[in-house]
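Presented sequentially are two complexes of chain A, the first with chain B as partner and the second with chain C.
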Partner chain A sequence: MSLTQRTTSIRLRFRDNDGAESICQCNLASSVSAASAASFLSAWAPLVQALSDAAIVSAEVVIHWTDPARPPAGAGSDVLRQGTFLLDTASSDIGAARVPAISDDFILATGPYAGIGIDTALADVVSLITALTDGIDGTEPCDPFADDFVSINAAYIEQF
Partner chain B sequence: MSLVLRPVHKVVCTFRDNDGKEASTEVMVPSGTTAANAVTFAAAIVPLIAALSDATLVGYNLILSYVENAFSAPGRSDVEDKGFFNFTPANGIRTSIAVPSILETLLQPNNQDIDQTATAVDDFITAMTAGLSAIQPASLSGSDIVGVLSAYKQNRRSHKAGSVRKG
Partner chain C sequence: MPPLIFPEPPETPTCTLLLVPNELVPIVGALFGRLERRAEWLTDSDYQSGYKAFTQLEAQLMNSCLTDLIQEIRDARGVLPDFVSTPIEERTSDMYSSLQLVRQEVFDTRGTLVDGWFTDTIATTADVVRAARGSDSDTGATIWSDISDLLSTGAELASIVGFITNLLTSQEETVVEGGLGIAQIALLASIAGILQTMGLTQSLHTEALIAILNALRGPTAVEDNIIVALRGTTPANEFRNVATLLGEEETE
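Presenting the complex of A and B:
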């Protein structure tokens, strides 16, 4: 895996009185830090808003990485066959993380959940679950309400 | 105008399988996480996800999202009326930005060309060509924008809310 950072996108979403929406996008060089890109957005948005009578309703800083030399996908891979990890949050809700085209290597081969459950004892699976529940370098993954994931609830395969 | 951070930053990974189908998955972190820490986190979590997949990782995005929670659009606004700015980057390959629902008061009497002497337009063009807070806007290929070639109104279709067309 050799990921290369591309230009960063600054996106402003406008909405008019009909409810129609459109995005205005500006690019920044990949050398601009994420924090600086966020500062740029804050300074740039009012300048663009001053030109428009539609309203800015949301904005994004999107930092892109791509793998220009990515290996081919596995022969039987199917991105609609996903590994679903249900995670308990700090507020006793359940959130989810998904892995597209989960490899068969991680699916239980025996027991009542054979062919369905993900083997949460395998090292690569443990590494992901640990990162999701304990965080990485002090950064804790969370659900859409910013509630931290604290433990794995269930892990299984799903076909979409 | 007050854009505020949404509750979470998103790390969105895109995978492609051997049929060419693509799917994305995302991991969120609280938006209280600094941008630099979010970048570090993204670089660490993506390989852990990719290690479980037999599709190929196309790439990933870190998205810092903001929302305006108090807005209104005047009665005549139409995002299909774009203010189209044609810029020249240092590498000479043109790039453009479209401002949705350009103000009619910023148009020349021909109702087509944008008045580049108007203060708001001049401020915008200066930011695009001379930079803003020491950050220089660039083309998609990363070449600094150095000049404006033309600016005019252009009508392009857009979508209703929830289905967005890039300017």
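Presenting the complex of A and C:
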């Protein structure tokens, strides 16, 4: 895996009076910092809104990285078969994180959840959960509402 | 499908128990997982409430609640002795006790005896208390009267032992067999009887000893006793001394 940064996307999400949504997107060079991209978004959004009858309901700054080599995927891998990690948050709610095409190597082989549950005692799984709950180098993940993950609640396969 | 509005909870929240077969957990979980997306909800507030509600439901899918409930019930029933070593995951329902068995076990602990006071009678707690007392309301007075007689008349050891023997081996309904309290009291009575006999004997011995001493000593000290009678009226001197005479005999 070798990721290379490419252009940064600025996305404005519009919603019409039927509830349908669409995105207005423009790109910035990869050399533009995240702070500059956010500043651009703030100035750009009213310019686009002025031309539209729909309403802007959200905006995104997406910094892209990509692997140009496109390495091959494992045999039988299925991105819709996802390892779902449900984590207790600091506000006593539950947040979710998912790993597409979770490997069978990490699925429980015995017990009532054989073939469904993820073995949270395996070293690689423990490493992932630790990164989710304790963060990496002082940066901690959270749920969509800025509540920190504090511990694993459940982990199993979800088939989308 | 138009964006969803998160419903207001009722004043009295209630739940629906939904049993999801384990093999469907991945699919049902994914259905819930779709509702974690912002686009599924009308407002940010709806999204936040919906996200939190459905991640909770996703977590509940792995709570194994039904299995836990079954195990709790089995723990309450208790595993049968023959299956203690069987791994829990391999046990079946018939390897656990039942309320009927527990009831029968309690019933069996009451027990019956082939003879005596409990013959063909299922003992109750009251029966056990009566046995500990050694009497019941009808027969107690007679037994206490017998003991009282033994104590007041200074009964001989043989009669007390006989009383105890009769008491412990009686098979009559009117006498409580094996009464611990009665046995203890009877033993005390026997000890009292023995002590009384010992006192009488000691008294007789004391009288005899006094008579012997009086005979040896005589009615008046020094001048009139058996020693003086044996010695005669002549006092001992250097030539008439029993110890000296005995010593001379030895030297010869």
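The working rule: the second predicted complex is superposed on the first by the 130 of 160 C-alpha atoms of A that agree within 3 Å, B and C clash if a C-alpha of one lies under 4 Å from a C-alpha of the other, contacts with A are read in each partner's own complex, and residues count from 1 in each chain.
As a convention for this text, a residue touches a chain if its C-beta (ideal position, glycine included) is under 8 Å from a C-beta of that chain, and two chains touch if they have at least 3 such contacts.
Remember, predicted model here, so these are calculated numbers, not experimental data.
Answer with first, second, both or neither: which of chain B and chain C does A:145 touch in the superposed model?
both
On the A-aligned overlay, A:156 touches which partner chain: chain B = first, chain C = second, or both, or neither?
Touch status of A:156: second partner only.
Return the chain, chain B or chain C, that is in touch with more residues of chain A.
Between chain B and chain C, B touches the greater number of residues in chain A.
Touching A:93, do we find chain B (first), chain C (second), both, or neither?
Touch partner of A:93: chain C, not chain B.
When the two structures are overlaid on chain A, which partner does A:36 contact: first (chain B), second (chain C), both, or neither?
In the superposition, A:36 contacts chain B only.
Quick one: is A:58 in contact with chain B, with chain C, with both, or with neither? Answer first, second, both or neither.
A:58 sits against chain B and chain C alike.
Quick one: is A:19 in contact with chain B, with chain C, with both, or with neither? Answer first, second, both or neither.
After superposition on chain A, A:19 lies in contact with both partners, chain B and chain C.
Of the two partner chains, chain B (first) and chain C (second), which one does A:113 touch, if any: first, second, both, or neither?
Touch partner of A:113: chain C, not chain B.
Do any residues of chain A touch both chain B and chain C, and if so, which are they?
On chain A, the residues that contact chain B in one structure and chain C in the other are 18-19, 21, 58, 82, 98, 143-145, 160.
Along chain C, where are the residues that touch chain A in the complex?
Spelled out, the residues of chain C in touch with chain A are 2-3, 22-23, 25-27, 29-30, 33-34, 36, 38-39, 42, 47-48, 51-52, 55-56, 58-59, 61-64, 67, 89.
Flag every residue of chain B that touches chain A in the complex, lowest number first.
Residue positions touching the partner: 1, 3, 7-8, 15-19, 21-25, 27-68, 71-80, 82-83, 95, 97-104, 106, 120-121, 123-124, 127-128, 132-133, 135-142, 144, 158-167.
In the complex of these two chains, what residues of chain A are touching chain B?
Counting only chain A, the residues touching chain B are 1, 3, 6-7, 11, 13-30, 32-67, 70-80, 82-83, 97-104, 106, 124-125, 127-128, 131-132, 135-146, 148, 160.
Going by the contact rule at the top, pick out the chain A residues touching chain C in the complex.
18-19, 21, 58, 81-82, 84, 86, 93-96, 98, 111-113, 116-117, 143-145, 153-160
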